[in-house]
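Both of the next two complexes hold subunit A, though its partner changes from subunit B to subunit C.
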Partner chain A sequence: MRGSPRVRLVKWSLHYGVLLLFVVAALFPLYWLVKISLTPNDSLYTHSIDLWPATISLEHYATVIGNSDFLLFFRNSVIVSGVTAIASTLLAAASGYAFSRFVFRGRYWIVGVMLVTQMFPLVIVITPIFSIFGPLGLTNSLMGLIIIYTAFNIPFATFLMQSFFDGIPKELEEAAMIDGATRFKALLQIIAPLTLPGIAATMGFCFTGAWGEILFALLLNSAASTSTFPVGLLLYSTRATIEFGPMMAAGVLALLPVCIFFFLIQRYLVQGLTAGAVKG
Partner chain B sequence: MASIDIKNVRKDFGPVSVLKGVDLAIASGEFAVLVGPSGCGKSTLLRLIAGLEDASSGEIHIGGRRVDDLPPRDRDIAMVFQSYALYPHMNVRDNMGYSLRLKRTPQARIAEIVGRAGAKLGLEALGERKPRELSGGQRQRVAMGRAIVRNPKAFLFDEPLSNLDARMREQMRFEIRKLHRDLGATSVYVTHDQIEAMTMADRIVAMNAGIIQQVGTPLELYDDPANVFVAGFIGSPAMNFLSGEARRGETGVALSVGGKAFCTLSQAVAVPEDGRVTIGIRPERIRIGVGAGQVVEAAADLVETTGAASVVHVDLAGQAMKIFTTERLQLTQGQRIPLAIDAKDVCLFDPAGGGRLR
Partner chain C sequence: MFEPYLYSAPALLLVAATTLVPIVIGISYAFRNIMLLDPTSGGFVGLDNFRELLRDASFWNALKNTVVWTASCVGFQFLFGLILALMLNRPFPGRALIQATIFLPWAIPTFLVGMNWSWLLNPAIGPLPHWAYALGLMNAPDNILSDPDYALWGPIFAGIWWGTPFFAITLLAALQSIPREIYEAAEIDGAGGLERFRSITLPFLAPTMVITVLLRTIWVANSPELIVVMTKGGPADASQIVASYVFTQAYQGLNFGYASAVATALVLLLLIYAFLLIAIRQAMLGRR
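Now for the complex of A and B:
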């Protein structure tokens, strides 16, 4: 940076001021969520708005864990989101690789159809899907949700994976194939390790998408035994009251798996693994 | 070691014909260099030999065995890529040993072979390094090492020196050549750099527009080019081409440029009916001053010097010409200078087809 120390200071303050503003705006709802989840019931419905409650308690967490179906919803969500993430990523990796490396008949049309699926709102396909899934026994089932989520995730995940494969030089697998590997082995031993950031990003995208989805979860599954978390959260909002405390506590708990998931994959999200493969 | 035979190979990408029927025989142990401008099909030909592309028609044999239906892994060849294509997540040792691991070679044996190749290339101290921690020259050596440990039937090189700076390129040129002398392996080397081709090749295969223009030793191509393309591509500074006229006389074929006598060829040459020819003469074969040969007069234009030698640009009857000389000359623009031309250094080409007139 150039200029006098004073100008530099102003620039520095502006730079970090804007960043701070953004961070505060982004994190404030989270903060409020945590704050309410820790506020005891008796001080929750007062007139004053406090930035932090005078006393904090874990009573809402106790209610959520001990006195509701929360653990069941949680388990359902983990299964649905986990399987969706793995299935979509595997399928998207396969199709993304094909789009990146092969020229084949109908390629143009397949890409077109995949783009079209991304263009209309999901609401309009709910009714036909419901009437197809009903006779197949896929309503009120986790499997039904997994199939729907995977199907709707694949097009975007495929484009995502394709862009990651495009970033890896074709020569690497050519070299491996000359070294004696089959194309599949080259993909597994050479390309896949280099695509880990892409795989992690795609998995994260699919996982969070499935984790927060409510439309299909609400309409396809009405039984508590197959409800996922977002649907469970709605149960705290009844005709008479909204139980903000337990709802927020459940919300905080719902954040945990996503946080853990991203904590685990963040190391792979860091790019730059391919540096040095080709001239740099 | 094995020979490579290519029979009438064609390669089309959709409507574009990249190789238009190539026939080539590379002898066992030979170092063949495919050279030509970009887009001439040389890299495609190499990739066909490697099995990375499928030929549209024709046959490829390596060591007498037809391979054009085999995948790359079954052709027993090694390839060094322009980008080196080192596996970024593996260290130098694993990069070099990967092919042996695929063959399920015992660990101890891999270590021994990789160690020996590493020693040959001066990579002993770098075994644990990742490709990104290596310099360009070191990466190049690892790529070579990866090829050597295979002990393949043939080595294929795809412009392996293009990413190096000039000094490094010169050194690696020498090292690759020395390695070839030690291993005696059949090698096919692709480059667009005619100096690499001249200095490294046992035989040069000059290509243009998907067709092999001429095959021969470096000096054969240099001294006796088959057409204008080869004459102009091989040699630096490039051969001079002058459009002139040829007239058969009693003493031989008299050449003139812009109406002025250029030189007279004593040997019989097939001259086109209209007498129009392209006259080719190498810049270093023209002597400034009055000598034994015929003398023409030109006007000096500009002198470029490299220290060891100079290139004198002259104007001969309105046509530009270059002269390569080791003499240090002080010339002013427009100064008239006599040039001695020896008839045996002159090549004649057909201006229409570009073919050599003999």
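Now for the complex of A and C:
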């Protein structure tokens, strides 16, 4: 920015001032969540709109962790999201590799189908999936959610993995194949280690996607024993007597894995993933 | 050469089995009378579900709300995202940290965004109604989520908060791909800041803007999560959009046939939207 020192100063103050507004707007809801979760019950409602808690306590976290239901929901969510992340990344790595390395008949159509599934309203498959999964024993089961989430993650994960494979020179596995390795062996031993960062990023995306999904989790798994964390939290929030403190503590706990992942990848996001990030 | 098929088949089969097949089945449900928990239902009823749809005031209201919801969410997300992207495009001290912080809302799971905002809007626990009351925006510190006239705005606020970083990321990436030399050349030619924005930034950014806004419109129109979590479409369907109407019909009403008819209508509307866009694009290309 140019101009006299005074004009520059005004310009920069304005710049930082507006950015500060955005930072406050981005952080305030999360700050409030943490604040309420740390405010003990005796001052929670009497001082509910104070910006700072008068006293801080971890009592709500103790309540949540001592509540067996929440532990169960947490465990269910970890299983569902973890298995989904592994399964969808494996399948997407295989198909992403095919798109990256081969030109084959039907490739165009397969990519088209995957793109179309991203644009369709998910709500249209809710009723048929419920009807198909019921007789197969996949409602009220973690397996049912894993299958659904894996399938929904695959198109985006495939495009992501393809872009990672595209960044690795073809000559690497061609050299190994000249030396007598099969393509599959070259893929596992030479290419896969090079895409480890990409695999980790893809797994992170699939994990967070499955971690936050709520529509199918609500509809397919009504029993408490197979509820995921979002469903448990939502049903808890609609009870007649709501305890806000423990609920927000549970919300903060649900946030942890996602925030960790986000800070690991955020720099990387703006650099390379924007092309494929259209789905959100 | 069957090797590429071997690699891509497992992924493709799973996607086909859980999305393509159900989409076809779902459309067929729209022409049947399917009630969950009622084994005698399931007969073919032709266009009955669609006739009911045309008479259903809740559906028309949901359609109107879909337009308000999508236009407000996408419009404000785009506006704030563009401001952010322009401000983050030049280096300054502290940029990396500010960028990471501002992008954080995007990483929060949707259900938690919805719950967080419904807590902020709840006068028992959140500050927003009290602030709005103190500023004279409200007559009493009430929860707008239980006010039929304003309930939809709760999810809209949450949606703007959540989706702004997405536009900022996409537009920032596009901005950074504009060659610096063009700006330098324009500066030497004496172009001012506004002039440079109008004649360099905008034309370079336009394709990304158009594509992102169009895709985002479809995605936002299709996403009922925030509404399901925050208002369940209530009070009395006042904040229902078509996508959330499908969900609540299936979830609460257990009326699968009618829910599928509404979903099919949504698909048709989106197809019409897509065709209109393509037509407009062709017309604009033809004019050049």
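Everything below uses one rule, namely that the second predicted complex is superposed on the first by the 223 of 280 C-alpha atoms of A that agree within 3 Å, B and C clash if a C-alpha of one lies under 4 Å from a C-alpha of the other, contacts with A are read in each partner's own complex, and residues count from 1 in each chain.
The rule we apply is simple: contacts are C-beta pairs under 8 Å (C-beta built on N, C-alpha and C of every residue); 3 or more make two chains touch, one makes a residue touch a chain.
Since the structure is predicted, the reported quantities are computational estimates derived from the model, not experimental observations.
By the touch criterion defined above, A:D42 reaches neither subunit B nor subunit C.
Residue contacts after overlaying the shared chain place A:E171 against subunit B, while subunit C stays out of touching range.
Using the contact criterion defined above for the overlaid structures, shared-chain residue A:M119 touches subunit C, although it does not reach subunit B. For subunit A, the partner that touches more of its residues is C, with subunit B and subunit C as the two candidates. Look at A:M248: by the touch rule set out above, it reaches subunit C but stays clear of subunit B. In the superposed pair of complexes, A:I148 makes contact with subunit C only, with no contact to subunit B.
When the shared chain is aligned, subunit B comes close enough to touch A:I190, but subunit C does not. In the superposition on chain A, contact is made by A:D179 with subunit B only, not with subunit C. Residues common to the contacts of subunit A with subunit B and with subunit C across the two structures: 274-275, 277-280. Interface residues of subunit C facing subunit A in the complex, by the touch rule stated above, are 1, 3-5, 7-8, 10-12, 14-23, 25-27, 29, 34, 36, 80, 83-84, 87, 92, 96, 98-112, 115-120, 124-127, 130, 161, 163, 165-166, 169-170, 172-173, 211-212, 215-216, 218-219, 221-222, 224-225, 228-229, 243, 246-247, 250-251, 256, 259-260, 263-264, 266-267, 270. Those residues of subunit A that touch subunit C in the complex are listed here as 12, 15, 18-19, 22-23, 25-27, 29-30, 32-33, 36, 44-45, 48-49, 51, 91-92, 94-95, 97-99, 101-102, 104, 107, 110, 113-114, 117, 119-132, 147-148, 150-152, 154-155, 158, 183, 208, 211-212, 214-215, 218-219, 230, 233-234, 237, 244, 247-248, 251, 254-255, 258-259, 261-263, 266-267, 269-270, 274-275, 277-280.
Residue ranges on subunit A touching subunit B, taken from their complex, read 169, 171-172, 174-182, 185, 190, 193-194, 273-280. Partner subunit A is touched in their complex by these residues of subunit B: 50-52, 71-73, 75, 77-79, 81, 83-89, 98-99, 102-103, 130-134, 136, 139, 146, 150, 163.
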